[in-house]
Amino acid sequence: MNAELILFIVFALLALFASVMMVTRKNPVLSAVFLILNFFALAGLYLLLNAQFIAVVQIIVYAGAIMVLFLFVLMLLNQRSEEKILNGKKNLKIFAIIVSALVVFQLAYIIFYSKPSAGLAPELQKSVQAGTVEQIGHQLYTNYVLPFEAAGFLLLAATVGALILAKKKFE
Amino acid sequence: MLMLTEFGKVFIFILLGAIFVTIAIIAAKLVSPNRPTHEKLLTYECGENPVGSPWVKFNIRFYVVALIFLIFDVEVVLLFPWALVYKGFGIFGFLTGIIFLVILGLGMAYEWRKGDLEWARPHPIPPELDKVLSKKE
Amino acid sequence: MSIMEIVVITLIKIVAILSVFLLSVAYSVYFERKIASWAQNRVGPNRVGWNGLLQPFADVFKLLLKEDIVPEASNKPLHTLAPFIALLVAFSTYAVIPFGPEVELFGYKINLVVADVNIGILYVLAFTSIAVYGITFAGWSSGSKYSLLGGIRSSAQMISYEVSMGFSVGGVILLAESLSPVKIVEAQHGWMWNAIIQPIGFITFLVSSFAETNRLPFDLPEAEPELVGGYHTEYSSMKFAGFFLAEYANMIISSALITTLYLGGWQNPLVDIFHIQGGWAVAMQVGAFMIKIALLLFFFIWVRWSLPRFRYDQLMNLGWKVMFPLALLNIIWVAVLIMVFKI
Amino acid sequence: MNNIPIEYYLILSALMFAVGITGVLIRRNAIVVFMSIELMLNSANLSLVTFSSYLGNSIGQIFVFFVMTVAAAEAAVGLAIIIAIFRNKLNVNIDEINIFKW
C-alpha cells in the first residue's frame, strides 16, 4: 500500500458516501451540505490527478459560489422536509434503482472491455505540466480565445435572464 | 513528485489544524458541566417563549446578491489564467482581457441601471410639530 | 535531503507556526482590549498576571469550563460543525504565507514557509470562499431568528466583498506573473511594493479584508441593538470561543495577506541599502514581516474603536458601487502599466 | 499516479453518475433534483480530468473549466426559474408542476 492509493480510497469513499447521503437526506439543506462535502472529495481527487488548477476552481466555483446560491435559495424558500422519499411511490423507486444499476453495469462493461489502461503510458512529468495554470492559460489564449469570450457572453446572458426571471411576477 | 509533497505539506497542516480544533471541542465537552433543563434549551428570544418558526422568510434581495456574486466570481476565476500569462502575449493579450472586462462591465451596467444593486434604504419620517398638534385637536 | 528529513523539517515548521500563531491570536485579543481601553480612556484588563498579561488564558479557561448549551430547536450536527469550519478555515490559510527568505540552518536549506505551493493565492481565495459556510451554517442550524438573519446578512456581506478581493488579487498576479506567494514577495524587492504601484488595488483589498473578517465598521452580522449576537447568538462555551478566536485568527491572516501581497512581505529595504548579509539580514527580514503585521493589526483595532457602524444599504453600496468598479479600474490600470512601461 | 489504474477513477465516476440518476428519479423537491444533476455533471468532470491527466494533455481540463462556467450560468437561471415557480404555486414539488402556462 502506498500513500497515493490510500488517499485515493479515502477520497473516493468520501465522495460516494457524500453523494449517497445527499440523495437520501429528507432535509434539502442537509442534502446541500453533503453535496459540498462531495465537491471537496472531488477536489482532493483532482489534486491526486495533478490537476491543481481544476481542483482549486472546483472549490472556488462549485463549493464556494454555486452551492452558496443553492443554500440561499433553500433558505429563502424554506421548504419543509419531504416526508417520504422512499416509501412513496414504490414502483418509481424500483424503476430508479434498476435504471441506475443498468447504467453502472453498462459503463463498467465498457470500461473493462476497452481496457483503457492497456494503451496508456502515463508520464508524471507531462501530467503535472498539463495541470498547471500556466499551461491552461496558454491554451486558453491561443486555441480557445473565442470560447473564452463566449463564456463571458454566456455569463452576461445568464445574469440578465436570471434577474428578469427572479423578479418577474406572473399575474 | 515535488509538487505532490508541497500539497502533502498543506494536507498535513490542515490535518494538524483539524486535530487541534477537535481536541479543543472534545476537551470542552469533557470538562464542562452538562445540566440541561427545558428552559435552558429554549431558543433565545429576549426572555419570552419563541414565537413561530425560527426559519423566517427573508428578503429576495439576498438571493439577488448571491446571484450577482456567483456570476462575477466565475468571471474572476476566468481572469486568473489571463493575468498569469498576460506578459507573454503583448497587445493580443491586452485586447482579449479588455474585451472580456467590457463584457463584464456590461453586465455590471445592466444591474446598476435596473436597480439590482440598490438595497432598501430606510425612509424615516421625522414627526413634524404641526401634524402632531393638529392630531391632538 | 531524504524524504524523512523533509517530513521532519515540515513537521517542525508546522508545529512552530501553529503555536506562534495560536499565541498571537490569544495576545491579539489582549491587545484589542488594551487599545480599546486606551481609546476610551480606561485602564483595561490588569488583574491576571503583570498588567493583565495572562488575561487571554484566563478567558479561554473560563469559556472551557462553561456549560455548552445546544438549543432544542437547533440542528445539532451542523451546530457543532459550524465553529469547526470557522476555526479550521482560519488556521489553514497560513500554510502558504512566507515569513522569511530561504535560510541555511544546520546545513539544511530551509524555506521559511510551510509549503511553497505554486497556486498559493488561489488556495487562499478558495479557503476565503469556504469561510462563508461557517457563518451560514451557524445561522441556519441554531434555530433562532436572530441567528438566521445575522448569518444571512453576514454571508451576503462576505460574498459581496469577496468579488472585489478577487479582482484586486488579479492586479497582483499581473505584475508578479506567478500565483505563488513566495514569488510574489520576491517580485516586490526593494521599494517595488504593490501598495505603491497599485494603490487602488491596495485600498480595495484592505477594505474587503475588513468586510471579510466582519470587523467594525462592517460588523453588521453582530449588530447588538438589532440582532443580539448575530449568528453566534445560540453559541456558548468552547464553540463560542471557536467563533471568537476565528475572528482574531482571520484578522492576523488578513494582515499577513495584505503584507504579502501589497507591502512586500518579508522584504526589508534597509537590508539592501546597508548591504547586510547572512544571519542578520534574515533576522531583519523576518522582523520586518512581524512589524508590518503588527502595524496592520493595530490599524484594524484602531479603526474598530474609532468608526461607527455602517447601515446595511451603505455597506452594500460601498461594496458593489464603489469597491467593485475600483477593483476593475485597478486591473485595467496595471494592465496598461505593463503595456506601456514593460515592467 | 502510476500506482492507480485509470479504471478506478472511471468506475468511481460511473457510480457517482448512477447515484445522480437515482436522485433525479426518486426525489420530488425540484432543488434536490437540480443538485443531483450537478452531481452528474461533476462525475462527468471527474472522468474528463482523469483522461486529461493520464494522457498528459490539458484540453480535457480546459473543457472542465468551461463546463464549470456553464454550470454556474445554469445554476443561476435554473434557480431563478424555481423561484418564479415557487411564487405561483408556493411549493417546488415537481409532481405538481405539470402545466406549461399560467
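Going in written order, the chains are labelled A, B, C and D, and every chain counts its residues from 1.
Here, a residue touches a chain if its C-beta (ideal position, glycine included) is under 8 Å from a C-beta of that chain, and two chains touch if they have at least 3 such contacts.
None of the values given here were measured: they were computed from a predicted structure.
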| item | value |
| --- | --- |
| Result of counting contacting C-beta pairs for B-C and B-D, higher pair | B-C |
| Central subunit by CA centre of mass proxy | B |
| Distance between chain centroids, defined by C-alpha means - chain B, chain D (Å) | 24 |
| Approximate Å spacing (C-alpha centroids) for the pair chain B, chain C | 16 |
| Separation of mean Cα positions, chain B and chain A [Å, integer] | 22 |
| Approximate Å spacing (C-alpha centroids) for the pair chain A, chain D | 6 |
| Multi-partner residues of chain C (at least 2 other chains) | 118, 122-123, 129, 140, 148, 152, 159, 179 |
| Residues of chain B engaged with two or more neighbouring chains | 3, 7, 55, 58, 60, 62-63, 66-71, 73-74, 77-78, 80, 84, 104 |
| Chain A, residues touching no fewer than two other chains | 50, 52-53, 57, 60-61, 64-66, 68-69, 72-73, 75-76, 124, 133, 136, 140, 151, 155, 158-159, 162-163, 166 |
| Each pair of chains that touches, named by its two labels | A-B, A-C, A-D, B-C, B-D |
| Contact footprint of chain B on chain C as seen in their complex | 6, 10-11, 14-15, 18, 63-74, 80, 83-84, 87-88, 91-92, 94-96, 114-118, 122-123, 129, 140, 142-149, 152, 156, 159-160, 162-163, 166-167, 170-171, 173-174, 177-179, 228, 233-234, 237-239, 241-242, 311-313, 316-317, 320-321, 324-325, 328, 331-332, 335, 338-339 |
| Chain B residues within the chain D interface of the complex | 60, 63, 67, 70-71, 73-74, 78 |
| Complex interface listing, chain A residues touching chain C | 27, 29-30, 33, 36, 52-53, 56-57, 59-60, 63-65, 68, 71-72, 75, 132-133 |
| Of all residues in chain D, those that touch chain A in their complex | 1-12, 14-23, 25-29, 31-32, 34-36, 38-39, 42, 45-46, 49-50, 52-59, 61-62, 64-66, 68-77, 79-84, 86-88, 91-92, 102 |
| Chain A residues within the chain D interface of the complex | 2, 4-5, 8, 12, 15-16, 19-20, 22-23, 28, 31-32, 35, 38-39, 42, 45-46, 48-51, 53-54, 57-58, 61-62, 65-66, 69-70, 73-74, 76-77, 79, 82, 85-86, 88, 92-93, 95-97, 99-101, 103-104, 107-108, 111-112, 116-117, 120, 122-124, 126-127, 129-131, 135-136, 139-140, 144, 147, 151, 154-155, 157-159, 161-163, 165-166, 168-170 |
